Amino acid sequence: MKKIRVTVWNEYRHEKNEESIRMIYPNGLHAVIGEFLAECDDIEVTLAALDDPDQGLPDSVLDNTDVLLWWGHMAHGDVKDSLAEKVKNRVYDHGMGFIGLHSAHMSKPFRKIVGTSGNLSWGDEQKEIIWNLMPQHPIAAGIPDHFILDVEEMYGEPFTIPQPDALVFGGWFEHGNIFRSGACFLRGAGKVFYFQPGHESCRSYYNPYVQQIIKNAVHWAAPATFGYDVSRGCPYIRPIV
Amino acid sequence: MKKIRVTVWNEYRHEKNEESIRMIYPNGLHAVIGEFLAECDDIEVTLAALDDPDQGLPDSVLDNTDVLLWWGHMAHGDVKDSLAEKVKNRVYDHGMGFIGLHSAHMSKPFRKIVGTSGNLSWGDEQKEIIWNLMPQHPIAAGIPDHFILDVEEMYGEPFTIPQPDALVFGGWFEHGNIFRSGACFLRGAGKVFYFQPGHESCRSYYNPYVQQIIKNAVHWAAPATFGYDVSRGCPYIRPIV
Amino acid sequence: MKKIRVTVWNEYRHEKNEESIRMIYPNGLHAVIGEFLAECDDIEVTLAALDDPDQGLPDSVLDNTDVLLWWGHMAHGDVKDSLAEKVKNRVYDHGMGFIGLHSAHMSKPFRKIVGTSGNLSWGDEQKEIIWNLMPQHPIAAGIPDHFILDVEEMYGEPFTIPQPDALVFGGWFEHGNIFRSGACFLRGAGKVFYFQPGHESCRSYYNPYVQQIIKNAVHWAAPATFGYDVSRGCPYIRPIV
Amino acid sequence: MKKIRVTVWNEYRHEKNEESIRMIYPNGLHAVIGEFLAECDDIEVTLAALDDPDQGLPDSVLDNTDVLLWWGHMAHGDVKDSLAEKVKNRVYDHGMGFIGLHSAHMSKPFRKIVGTSGNLSWGDEQKEIIWNLMPQHPIAAGIPDHFILDVEEMYGEPFTIPQPDALVFGGWFEHGNIFRSGACFLRGAGKVFYFQPGHESCRSYYNPYVQQIIKNAVHWAAPATFGYDVSRGCPYIRPIV
């Protein structure tokens, strides 16, 4: 079986600098994500972090990644523009899948790839209920009509994203907000999924539905079988007839 | 100035049969809607009700309607299939706008026009907060990022509509639900807007933002200036080159 | 392996009544379609025709169909409204996939399910070139940037469909027309694909790319793994919080 | 009447450097576009060119532009990244409309705003027929089902744009290609329209339908009446309930 080569990229600073976060994700939240993804026979996981050499994504890794998961928060500005550009080009020209997690809404790659400021409203931690708007979508496979996260950071509308190609999940927050919590964007030859849960101080990546959704998303976002060279740029074409 | 000819169709039975509803909408909720629409210089209003002759929509009215608003609830089944078919054809073939209000999600015309079962979840009356997801959309003109309806009937996801062409508003409900509360659908040569507030026992049609949204929607849904005969069916076409 | 249960429904009259058509599709075009679909290990094929008992789709067949392919042309009017309604409900409430082939754009099920008049322009047979607009879509897997059909009936814009959820293929016709030739629509719990080639007097169903696209479409349209009862109608919901 | 402040930006080099182009557009193609736009009572036109001070768009101009039209071709690389970034931010955060003309598909602002590589296929000049796919759209107001451009540069699919919010026009090219020629993208608080005709050596900006479409597009793309501060970034929100 050909495996989906997944790289889970994490800023990985909260976990090193804050005891309270380290207690939740001792080896980084990417380790937890990588662990549950590795439960899938057809997925092969690489972990990467901002403070690794080449910011965790040397060409040797990026060029061999089918789906890239991205978690960043405090250090969006530290990510090199050139790296964000490389990530974008790999999505556009090679169909790499990109899954933006939680505060990745403000990351350089997400904003460049999708074409968005990433702006949203945010607030304190509170109860969230995630609603399944598209049971027919592969990313919602096996997910009930709703499930509850006891504590998540509030992310609220207006979220200034383009209208997604598929709006799969919506979030309800205890103190009055809603959010487009799970949204698909087709960009270039690639597929992008944004998924809102995952604040560092919450335990969402241990939730079985969150895990199932991320597994589903990886399968959905894996590159298609292209019938022609999608990285060919702007070719000059002779008359066909 | 050419006026937009608006017909506000109401089932108009709750208001006649239930004292508590009549106290809110003494002449029917369509009368209230018609009144605030008539504040617009460029709108001309006709009222219509299910128990009027020809179920309120003889051809002489329907064929001279630019935008039809539809409120129905208990008596969806009493509406003649042939009337629903006529409404659909006027949208498809002549570009009449159609605005489905509240429980019109289960009305025959809405379901036929849009292509949906209209199914949703529902619950008791509670506080609702309506969020503005698309400030750039004409239907959201002048609407703040959110506004509050103290009491509305709960309508919740999953709402089995097709993905809308524009999802303009989302609703938050006090007891845990969210809803795609304002959604645009382009169908045939026409434009359709569904707007969730408006339970008969609530006072939503007196809310100034609800009124503004419905005014905006009428202007948005008015038929386009067609550059060719959009009612021409399936013409046979000779070679152009 | 759980197989996808596919039913190929054909009006099957041209082939019986016209020698020239029978020479192309001796046992009906559904037989040819069924044959190439059966090359897939995970597909199980049933053939059905309008003049079979129960118009080919008794409940015992329909209720055990995962994906229904529909080819109709001259006899759209002969299909019972009640059957079209059943097909629609199986898509909406059970997630059956529906693939409308060629002149199925005017069939009762397609029009009801999608919410469209089905109107288009049409013309004489000519060369068609099909362009791949979405190489990242599963239905385009393995398909080159374009391929040529030497002879097809001309179907042209304006095609009064709703904006599709995905516009996968576009058609170029020799004498000046274009067409949205391959389009996905999500409706209810189901997935719908419309694919334009397949006039009875042409040989498109023998084209390997057409065959590949239809195989891909069957896999894409197979019902999702639902995480809750999508046929539950309009349930009353108690407060969650 | 409040006027729509339109700035027509042109690279304006072909016209200065090539006699054959100057004969078609003696004062630059932006002058021709500006002239027909100025026929609209509610439009106020400013012309701008790459070789003007501040590349034609000092803040004093950009910050007072409601809709920006952009024509660029050979000198995309000369446009400063900082200017492209400013244009993007004005669309995202202030709702400025952006109309990308012809080879602007590869311009820095278009690619940044929309989130696209801008890649397409291209070929020699030939006959084009533009088809009206959405007669109900404001940008198609008054446009027939099709019109012919005797000579245009061929732009062909696959055009690696995101699926547009509205695909209004499709192009047929004589030698076998099709193109998504008129497409709307909603980005940030702004509206974007891409329109394919307008090669420097052709005369498309003199075509009355092309002119009508660009006039329509300016009216469509003008900023909405915002009901809250859409440039507020990522505000922290206190509990509403």
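Going in written order, the chains are labelled A, B, C and D, and every chain counts its residues from 1.
Convention: a contact is a pair of C-beta atoms (placed from the backbone, for glycine too) under 8 Å apart; a residue touches a chain by one contact, two chains touch by 3 or more.
These figures come from a predicted structure and were not determined experimentally.
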Most remote chain, CA-based centroid, reference being chain C: D
Approximate Å spacing (C-alpha centroids) for the pair chain B, chain D: 33
Touching two or more other chains - residue numbers and ranges from chain A: 121, 129, 132, 134-135, 145-146, 156, 158, 163, 165-166, 176-177, 186, 188-189, 230, 240-241
Chain contact topology (line, ring, star, complete or other): complete
Residues on chain B engaged by chain C in the complex (per definition of touch): 89, 92-93, 106, 112-124, 126, 154, 156, 158, 160, 162-163, 165, 175-177, 185-189, 230, 232-241
Chain D to chain B touching residues, read off their complex: 95, 127, 129, 132, 134-138, 140-146, 148, 165-166, 174, 186, 188-191, 223-228, 230, 240-241
Contacting residues of chain A [partner chain B, same complex]: 121, 129, 131-135, 145-146, 156-159, 163, 166-167, 170-173, 176-178, 180
